Amino acid sequence: MGMGTSADAYWGFIKDPLYGYIRLTDVEKTIIDTPAVQRLRRIRQLAGAEYVYPAANHTRFEHVLGAMYLAGVVAENLPVTLTEEEKQKIRLAALLHDVGHAPFSHLFEPLLVKYLNRNHEDMSSWVIADSALADVICSLGFDAKELSELAIGRSSKIDKPFLNQIISSSFDVDKMDFVVRDSYHTGAAYGSVDVFRLIYTMDVLDGNLAVDITALPTLESLILARLESFRAIYFHRACRAVQMMLLKALDLAKHDLEILKVTKPDEYLEWDDYRVWSKLFANTRSREIMKDLTNRQLLKCAYERTFFAKDELVSSVFTKENVRHKLEEEIAAKAHVPITDVGIDVPSLASVPYHYAMEIGPIDIPIFSRNRSGHKIRQNISELSKVVDVLSVFMNIVRVYTKEQYREAVSDAAGQVLGESPLSNALSY
Amino acid sequence: MGMGTSADAYWGFIKDPLYGYIRLTDVEKTIIDTPAVQRLRRIRQLAGAEYVYPAANHTRFEHVLGAMYLAGVVAENLPVTLTEEEKQKIRLAALLHDVGHAPFSHLFEPLLVKYLNRNHEDMSSWVIADSALADVICSLGFDAKELSELAIGRSSKIDKPFLNQIISSSFDVDKMDFVVRDSYHTGAAYGSVDVFRLIYTMDVLDGNLAVDITALPTLESLILARLESFRAIYFHRACRAVQMMLLKALDLAKHDLEILKVTKPDEYLEWDDYRVWSKLFANTRSREIMKDLTNRQLLKCAYERTFFAKDELVSSVFTKENVRHKLEEEIAAKAHVPITDVGIDVPSLASVPYHYAMEIGPIDIPIFSRNRSGHKIRQNISELSKVVDVLSVFMNIVRVYTKEQYREAVSDAAGQVLGESPLSNALSY
Amino acid sequence: MGMGTSADAYWGFIKDPLYGYIRLTDVEKTIIDTPAVQRLRRIRQLAGAEYVYPAANHTRFEHVLGAMYLAGVVAENLPVTLTEEEKQKIRLAALLHDVGHAPFSHLFEPLLVKYLNRNHEDMSSWVIADSALADVICSLGFDAKELSELAIGRSSKIDKPFLNQIISSSFDVDKMDFVVRDSYHTGAAYGSVDVFRLIYTMDVLDGNLAVDITALPTLESLILARLESFRAIYFHRACRAVQMMLLKALDLAKHDLEILKVTKPDEYLEWDDYRVWSKLFANTRSREIMKDLTNRQLLKCAYERTFFAKDELVSSVFTKENVRHKLEEEIAAKAHVPITDVGIDVPSLASVPYHYAMEIGPIDIPIFSRNRSGHKIRQNISELSKVVDVLSVFMNIVRVYTKEQYREAVSDAAGQVLGESPLSNALSY
Amino acid sequence: MGMGTSADAYWGFIKDPLYGYIRLTDVEKTIIDTPAVQRLRRIRQLAGAEYVYPAANHTRFEHVLGAMYLAGVVAENLPVTLTEEEKQKIRLAALLHDVGHAPFSHLFEPLLVKYLNRNHEDMSSWVIADSALADVICSLGFDAKELSELAIGRSSKIDKPFLNQIISSSFDVDKMDFVVRDSYHTGAAYGSVDVFRLIYTMDVLDGNLAVDITALPTLESLILARLESFRAIYFHRACRAVQMMLLKALDLAKHDLEILKVTKPDEYLEWDDYRVWSKLFANTRSREIMKDLTNRQLLKCAYERTFFAKDELVSSVFTKENVRHKLEEEIAAKAHVPITDVGIDVPSLASVPYHYAMEIGPIDIPIFSRNRSGHKIRQNISELSKVVDVLSVFMNIVRVYTKEQYREAVSDAAGQVLGESPLSNALSY
């Protein structure tokens, strides 16, 4: 490895409010100081959530440092032999796993997909393999292509799938970090998951990352905390209203947003929350919405209904943009309000997507018990845990948003079109 | 109210690590300083748990102060009109709800029932109504009889059942405090329940304490945290082993324990953990077990099996002492070990009881939503919450304990007698 | 009070990670939702600190909510009679005390002073008295002029100076909140000051806010925590480097920054961190520095020296811009580096100022003890507390910053010009 | 090492509320499970403090686990080469450093000295070198004699004095743990010292444990937190009252306390808080005081005066038991109260001693800075830190306690005899 840096030379510590001191190698310090990683300082972790939780101003930068730290703890504690280089790679992969996030994180995702034909994970891979960052990675003696795969959990190292799973699986370092971190910064008291207990009981089973059955209660806590975080934060009515508005502003200004026309990762990396926000504010098409946002004149939820597992059919109906638009038109007509002031939101859909959403679906986490002689015996988690089983269904929320003055009319109209919902916000898991 | 004290004069603050400063009235200070309440300083909250969680040394005294504080917060925030005197009564009731606990708290319960024909709640009532404490209560201008009922949630004030429910229900101040407090002192990271969110959304529905449906996720958290606390602390194998041993020591020394022959509350109140522990240590019959305890030579779990909801029949079988004893004999015979070294433990049974156990059963918590005009509409919680629904079944764990040297033999024998348990500690909720 | 809102009607709660739930009145909710207050969401509390503490992304918005909460707790607990209206006013004053902050908070201060002839407190007053916010305040039935004075602790209500001191004094709600909050978000473990103990012992002495001598240790903790926070955060070398760079960028781009030419508060309020950052990045004069910032190519400290109390003379020398510039020239010449690459930083000076700085100076906090009959007797804090006494001197740090490649040369030159500093970062309080 | 255990084989984890999971080697697990260490479960860390801080029920057992953990972190992070065996020894030394503590910890110290001619450190050495524990230590392959010295910081390994200093010095693992732990369990908010920052900057300077000057603020925090903890907990009036009473009870019952006549460590180890408490309660001489304690009828402080640095002479006067007794007689006579109801307490004296007390005296902590070439240069802490300097004086508090009914009379008399103290509890540091 070049440049006088090395994976086993320690540069120093960074202070983290969750884990105390995070030790950095020289290699990590060098990569952290690249513009690609530094840019994450200006990408909010939870765009929109700050309107409900004033303290939720944390960024992707803080999160990737945390994920890197946890990846190191997993690598150190797994009872398999890993080389120092493998440990360094897995930490780097965690550090870089979100490097491709667009401004406002997940909020931007449908635009990425529509205009650049890539989701944020594709973007991470693209950035790692094909930007100035790639040069730094290579100069440090690492394979940028390999890291670009491992960083999204898709390295083709077939014999060690568990390395991918540390980065991307139902209990990866990404999820463990964000559940605890989002709880810390919002103040929402659901996230005191004992992630270290989970990590200390991890092992490799048939090549896959697996959890000892003794940590099953902790795993249940993690899964439930994630669900709670969805309900309390990501799917919160007012958070979604902010996101709907930002998304609409983006859509209105899309022709003036050069980010949607980038052809190289380094062009893409020039965009962050600050720049997009300022652009939207300066743009005559989106300015009105941005003014509403800065005045906290949020859209109001006029109708809400939650569908469970069996309703996947229903969900798939809403997924279709033209179907959704037809329903919006129908509601607007019945309510005698402008069509532009009726918006259907289905949080699990791509409209305002969360890549997590799909993962609330069926869970297949490798679990093992040990027999008397210490051998690991694979177990079936949904047989063992009723909590996991019941949480493994699909949750879809359908909401209709409108302006405050149209709330009552739209509420009535939506009830007629989409069916009476006996409770405004009743259904729970 | 006499003695220069009054319910609305503030004496000062006590520092609590969970809630910060707890403000005391003169009345409360006077009652706290009675021997009956001061005795709770020497009654552990979780006897046995300190063998697994070294920091779990908290006492009933600390817990009742916390329960009193929460009762006050509920009373202040309920959107119904309560007089200052009612608020003072409800705080006193919470303060006194555990005043009848025996040494080692719940551990002692079966002996209370067997020899004194009272459970710990009966003891609380007895102490409040009929000891020197009663005189203090009366001298302060309160009705000791009334408090003795309210303190266990059985005041006959029919028009205000919610007052009883603040003290005793599925989400009473007792449970809210112990879930959070046990988590704090054990370090087990499950208990960050947002109890204040729950409290701030409470209301009275048809006279009963009820929760706004918007706080349903928090309620689910509380219920799950309680379940986790059972699995992680109260039903922990080693904690139960300690309790089995203490219980056996108590049984062996029972003829020399005057506490089992008391006829007046004030005699009963002379007993605390310190005195019972010293007695057991000094008694030749129980000394051997106590020495094992102080040397941390704990009983070992040789067999474990968990039964769910439908198995209540099975559970009821184990409840019968003679049935259990027959099975112990059979296992001992097959294993060729002394009968005194085989013990069947069923945590939900009265053998080593937890008054909580019964409450993991079906849950019937009043829940309401508000319609557009603000009226409260009663809802059915098990329809709305799959989590509550799935957690409402009965969990029984059957374990067979023995000495370390007999572990393998007893394990085999128990498997033959009770059925093979495919996993040692596999089943989870 | 108009608009259907009132000071004693509660709108609801906001979740805060430090204080749990902050209860809002309708009046407060209405004022919080104005653009003037919402803008504080986009003003960082500690511009620059995030380069050292990645989690330090909190904003002025979160801080003013916290200050409002603490002001309410003080008002509720002071043993003097306040009307509900006075309590509402004091909470509003705390809510609005930072409404005039410029982008990047204190960093911008010298520009405010130089170009607009106002410091941030003057700006707060101006905004409250003379912007669209003023209209909202009036429509709610409050006197905007009066609030504009109280919000900076300069209300002329002579008979109740303690109301001003709740907002602005050595232990005001501003300081109590930021010490604890900055510690929470940075993770720097110095800030666990028991502010509630301090508040619960406050009283009014001769019209002034005073602290009971029993809380003297807590007061010492607060003062020491503030000092620690200065050293660990505000005066941290790298934080200051970031601030130096931002300040330089602002200076280079000043002719294109319309914020420096505003004539009305509402024009001023259109500026926030997002907009200024984007402007600086787009501006050809400041772009290079901004690129260095986004690449984390920070200025390096080549020389550091700390002066204590007696050196106020020295300090005053550095305060003069032309003196400082002369010294920079001299160092640059000796080091053979461009003058533009040598910068002297004196944190307590106006160059990169902190309004706190002056307050580390002599402290005159009213302290009282009670004699046997309960009368408050004024005491002299510096006689009673050696800690307060020793902390009451003035601390000046003189640093010379330059680019990494010139570090050694500038270090030597600065040593010759400013005197050898035996230790690089040695001196401590 | 015998018994199938080894210093580098990991047995498992113990959960600690402060540090998360503490990893144990087989060797440590074996030693922890000895009666000598298990006994620490029944020795309170802060006897008496629970009367002021209801949650302060933590024990020496929890503390020694924490100290062992911190010793391991220091050993792992010191930039010197230590063998695995040395690391294991230093952890064991920390684990055993308090094994000789008497019931009620420091409270018992003067009796130890008077009757057994040993302080608690001598007792620790004695127990480690000469009890059944010694046999276990030897059977594990360690030298009990060597450990008995290292455990109190007096190993004669001259070339590595820093090993002793990890266990016993101004910033040893004992102090670091108790400052943070006492704060956690009392809820007193002074103890959030960043001990890990201190540890990560430690180094060895001329064979001694030293701290990098960059961590000077953290060191100041630790020293101040210790001082705060003395004032808020150990020297708290009511805590001291409880200790005075317990001490008096011990004195009255001393002829019946076999612990004061033990001739072998194993006899001594049979005594714990439970047994002594029960003995004192059963003993007719001490029963009255014990009843007062259980009824919380505490002695009251009638007079208080604090002496600083220069008053060491004064302090030495009070140290003499006969001088103190003369003064008590004089006060009693003037106040016309029984001599047995007047007690002078000087917390820094041996009457109710704290082994910490002496260490608040002059501090001589090795501090170093690094010059440009990375060499460590020794610095003088009191020149660099005014805070350390001012905290390095001696603080003595003189108090006179009596029964509630004599409070006023004794207060007046003490004023005449000992000089008017203008403030009841005024003087602060």
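Letters A, B, C and D mark the chains as written, and numbering starts fresh at 1 in each.
Quick note on the criterion: a contact is a pair of C-beta atoms (placed from the backbone, for glycine too) under 8 Å apart; a residue touches a chain by one contact, two chains touch by 3 or more.
Being a predicted model, the structure only gives us computed values, none of them experimental.
Under the contact definition stated at the top, the chains bordering both chain A and chain C are B, D. The pair with more inter-chain C-beta contacts, choosing from B-C and B-D, is B-D.
Counting the residue numbers that touch the partner chain, chain A and chain D have more than half of them in common.
With centres taken as mean Cα positions, chain D sits 40 Å from chain C. In whole angstrom, the spacing between the mean C-alpha positions of chain B and chain C is 49. Inter-chain centre distance (chain B to chain D, centres taken as mean C-alpha positions): 34 Å. Of all residues in chain D, those that touch two or more other chains are 20, 188, 197. Those residues of chain B lying in contact with chain D across their complex are 14-18, 20, 32-35, 38-39, 41, 50, 52-55, 57-59, 61-62, 65, 184-188, 273-275, 277-278, 281, 294-296.
Interface residues of chain D facing chain C in the complex, by the touch rule stated above, are 183, 188-194, 197, 213-214, 216-217, 220-221, 224, 228, 231-232, 308, 369-370, 377, 379, 384-387, 389-391, 393, 423-429.
Those residues of chain D whose C-beta lies close enough to touch chain A in the complex are 13, 20-21, 196-197, 200.
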